[in-house]
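Read from first to last, the chains carry the letters A, B, C and D; within each, the first residue is number 1.
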């Protein structure tokens, strides 16, 4: 399961300050949100300069490169590899030059009417160079901007696009932070020593020794310029629809998102799992790394002792030679090794964040059994994933999702577990601590917060989105 | 002095053939035309795939990368580093996705109305991502194509753009080769074992064991598709205006361009120089590499013996550490060494292709004097460069051109030569063997084959460009 | 604190098998023991081929390189960066060619009489190319081998050298595994599908889907050849002297070393710390990664809840740009971030493996205090380090060791802790479960298992080393 | 045909000066003598530091690396890839640490008694880590040095070793330059601004803006220390035996070697060829690059016009993808292209430096015929190579040398030439201008200047080598 991106924008009030290194460190703090490509765009009072490249932040930028990106205002982006489009053309920030200047755009999210918007624009003669939603938004934004003032232009763009978007834009010496009316993907506001910033997660502020002010509100645009921040509430829904998987998996445990510490949410989910799916076991153990905090929660609520049974090898690099068929057994072991003495003869609760296709889970259960586990009770920190995500997560197609066509006992059999327990919808909601109607649970329910052709929708939501003049 | 680019397009009739490796080798043969970036776009019957990168052809592509570029039809591009825009965004082929599909564009040349076209398009709402002419042409071409058939669309684009352009485009399974009505930059047609190709120079055909058929005519478009080539004469001028500097400097000596073998032209120019500017000397010697063939010609006509006096070191790579200030003397020597015994006590004719700013010439004359030359007669294979090039060569601005503000005796004094002789306009024309009115000599005369704001123009030419319906 | 190396040797009985890929994966499993350089030597029935390079295993070797290392018998090595000698010359395996053939040597450990042996050999005319102990051993071994049979030669070498050494050698088609009479550094024997292996840690066997047979005994040599393993007990002490820091810090938690699962030992140490140094706190939290298992142990024994308060960023690469002075605050945060809500207002037990200079501990305590901790009780999984290690760990010099010149209250003050507790010598010994006299605790006591000039020694040990004929 | 190496040593009198960059540039000037590996060793008044690596000088060293090599005295080495031993172990300078210090050794040449010396040393217990002669010399030198003073030690080494050797050594703060008593491989002395240097070719002095003083004499050692140079004539033969192939092929044309400008020698050889083997042709053309100066000489003496017919592509890099079988035709063309119009219908004299196996010559003659040549007269600037070189050139084994088993008409037939003419022994000697008895022509005559098992020898020479006390 993959997230799309991490975004950041920083504006320092001191015009002689150099923001590119701070963006570099902020992107590094957001690196877990995307490792395929990285990019920075900086404005120096006159022009925007950008540099983008494939790879980790530390691979794309060196001192010399950062030195060329002079300016006190800038934005940055990290991107995850999604199928079939791993190319420099799709990396961001995208810089569009239009009639009155240039705008750089960094986007986290996914539009659901991207294709039709693109076709409309193409029908009117527009040309595209990438396959990204970002380019579509850039086109619409620029068209609006040519006819309206900034606020009206952003409102116009928001009217046109549907889906999830946390956008950071660099327009002249302004940093814009925009969050879709449903607030699906995260975006928060922070203060650093001599300025303001927006970023996907609060950890970016921590890294720069800044402090989190608050989240950008769904439907809000914040404009940072010359040391001042202004807010515009451009659209309003009945309520937000935060992506639950940010809480379960994507965000770093040390981030605070929409008022909730991710770490606490995950401990809560683990506790909820322990209540809903107790197990007759002597050991609770995580599948590292994403299962760790969940397992701590299960252990605390159940009282069953916590013990690590699987160790991850952290040295696999880009050029690592994977074993061929004859050593396939080894391939799993290279990434994850069993601590046999902690497993042998024991009854385990094995905690993971989710099951997508079921193949990895099966392989790990088998490994643990081979290491002598008497029982393997699998506990999952999300409800069954029964439907695809159209709003920013490159999960899998419906046919690939095991829970889309198998019951829980069916999945249990496939992954060879003695018992399988998913956290319930209610349990998850309670653990997060945000009202159910304010969460996007599309992949868990098949009901989405906005119309998607061929899918069910919580009609109310989209209908009532109100664009505030 | 820098050229802009090299372009190639190949269409193999066998739909199972793989064209990407042939494009790779063709680009390698054209590598002298541009070392900054390289790119290939290939069509596999369904989609166009591209890969572009900074560096030499051999650095940008590896076996794996070429393997992904499947298809029997494709185009390629190498680009020279021009000031201030050495970035991945400006690399080519540029692939534009529009209403009905995608088109990949590779361009050699320079538009003179690029800025105004861009502004018009931007005024109408268009967005640009690079600073290249190519993107402007892509926009215009696509707009035309949405309203007209291919032939009419290309004609429409040609009507709109002014300047030099040798274009290779990949449109679906078609390779298009287009040359501007003045024929300023070269483009030729060749045959390979199972198909046709177009390329900047005939050496690309040689490398693929193919054969040169003919040059693309000024104002002509050739369309290669499924093993067939069709020609469309879309525009016609009174005559062509071939860039003289292709003959003097850019093209490889083993290329045949508009019917002339570059090697022969250079020998002729050298001979002309000997006639026009005889010297009381005992040795003719080139500044390598571009002066070599010119010097051979001077030697043949003058009867003065040919002897190498300067040796070039060929191992300077991208990561070579250049000397700092204290070793500046060494910097010149690292690239070029004098053969003292061939120089000491001798009276030399030193032959080079051109003088731009005069600083390099001065440094070499000094080196040769330090090596003991009794006399240094400098002979230059081009007339004085008195005006900038707006049509594809990143030469220098007028203020930097020494001959723009100094007489020949003045330049002679600056470069510290005992005598200085440039080939005359007539001599050059005779050496090339193409009527003067069919050559572009803008940088040598300040009179250009088309209107350029603030510059003189051979009015007749442009006026009579006729677009053939 | 740094370990020296990881070693491995594998002999497959099938002479057509290719061992280099298995060595590659085994080295990858041992990568935590050394990231500076990596090397492999393979014997193909006729000659030994080697390849060594600077960097991670995945950076030093590619498919092509491994393909050249043909053979069914081989050894490998990973090396840690130790001060001032990070160069290709010191990388291993070292291949020495002597009168009757060649021997490749891979070493983990440190000789204490290396300098005098080297001087003796140099006085007799020998030449050295590196600064490594390994070369000294190669010289002595070869000299012995020229006069004696293999067993006698190894015994002769063992008589001459003093210190810690776990050696893996490739001599013709034989893999030798040799452990010093004190057994200071680890070495174990395993079985893989079609052969035997020796390695620094049992995790190497796990990775190859093999199984741990037993540890190489102190003073033992095992010879693996043609699918057979033979043991020679060449020397015997009163007992072994296993390095305690392998248990505390170096080894992977999933390794079994001299009969003890590292994970269990660390949980035990954590428990012992809880008994010896209880704390009036509400949260136990580790300094990741090395404090994690210790903290789990503390939590289990104390009943105080376990909560992560510090998160590590795992993406720092070789080319990461570290912040300059003005952003020094950031430097700590880049590697480790506080989860403020888990800290603010809480009384913490902060668990780490050791304190060397005290500077890092201080910085982390400060960070935690800035995040709002009410109390910070530091608990350390080793007794105070009061003396240098001469036997394989590049710790620090005595002057740098804070506990060498400060009392516990003194260190407590320096690191700014509310309380500081080190595990006691007895507690550590009990936690490991090996009699005190069978452990090397030189760095904790200043008393070493063999004579070191200027240091105290457990005289009995070395005296009674008996070389078995 | 491959040469072995290039060597350089520089000593600056100013102890605060930094010599490593000058060595870097000198090695760059000698890069044509070896592209496999490069290395530098520098002495800073206390210790020697070295860095070696595989690849070009510009690839092995960067600013940071050179910055670490501090010192005012140092040596350097570039090495050619010779079969089967392309590895870091064989790169140079080799630094040997012995009883009283360290010595770094850089060698150009080949010992003929290397194997027996190595076996003697190994029999006495010595160990070797590489397969190079250099290591053998280091062993012998150090052994001598432990018993004698420097001069006596070098004399002792010279007595022991037989073959060709131009050695540059760094011993403490001394640079030693040593040339074998036969003077087979070149070595010369130069002066730079604040010190002295020795190098394989005078071009290294030119590059550093220094001046050539003279060649090191056969049998001479020069010692450079603290701004002073001292000479020791340690051995004397009846006369020198300079390698003729340095004049024909290896050295750069702008080098002066043993008093002869290489360029002049090559022009002379070309002239001699014209006299000895006139041809009824209309064009003289070289096979670039090594045939160029020879062809100029042929043209001058014959009066037949000089015209380039083959162009070399200079962009082939380390990672260039070579064509597979199906495009083998292309492989030749990628490196060398015919200028068809200069060839078609013409009768050519094709000039090259030598014929080894005959395969390349055949391929080029075929290419030229395919381009329409009416006649192809091949002229070769060396006499037939009939025997292997044992003294520094990795030519080929006797079985591979076409002239070892075929007459000139036989070779003519194989390479498909209309006529074939080699320069005669007398002609070559006359062209070089050094008495025949002072040249090594082993590969051309099968008679060597010193005893080689199974080969004939000019007995007189070696016999009378006299070691001067």
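Note that in this section contacts are C-beta pairs under 8 Å (C-beta built on N, C-alpha and C of every residue); 3 or more make two chains touch, one makes a residue touch a chain.
If you're wondering where the values come from, they're calculated on a predicted model, not measured in any experiment.
When you average the Cα atoms of each chain and compare centres, the chain farthest from chain C turns out to be B. Centroids of chain C and chain D (each the mean of its C-alpha atoms) stand 48 Å apart. The geometric centre of chain A is 38 Å away from that of chain C, both derived from CA atoms. In chain B, no position touches at least two other chains.
Contact topology of the protein chains: cyclic, one closed ring where each chain has exactly two touching partners. Which chains touch which is summed up as A-B, A-C, B-D, C-D.
By the touch rule above, chain B contacts chain D in their complex via residues 21, 24-25, 28-29, 31-32, 35, 56-59, 61-63, 66, 203, 206-209, 252-254, 256, 261, 263-264, 267, 292-293, 296, 300, 305-308, 311, 313-321, 323, 327, 329-330, 333-334, 337-342.
Chain contact summary for the complex, chain A toward chain B: residues 50-53, 87-89, 94-99, 119, 122-123, 125-129, 131, 138-139, 142-143, 146.
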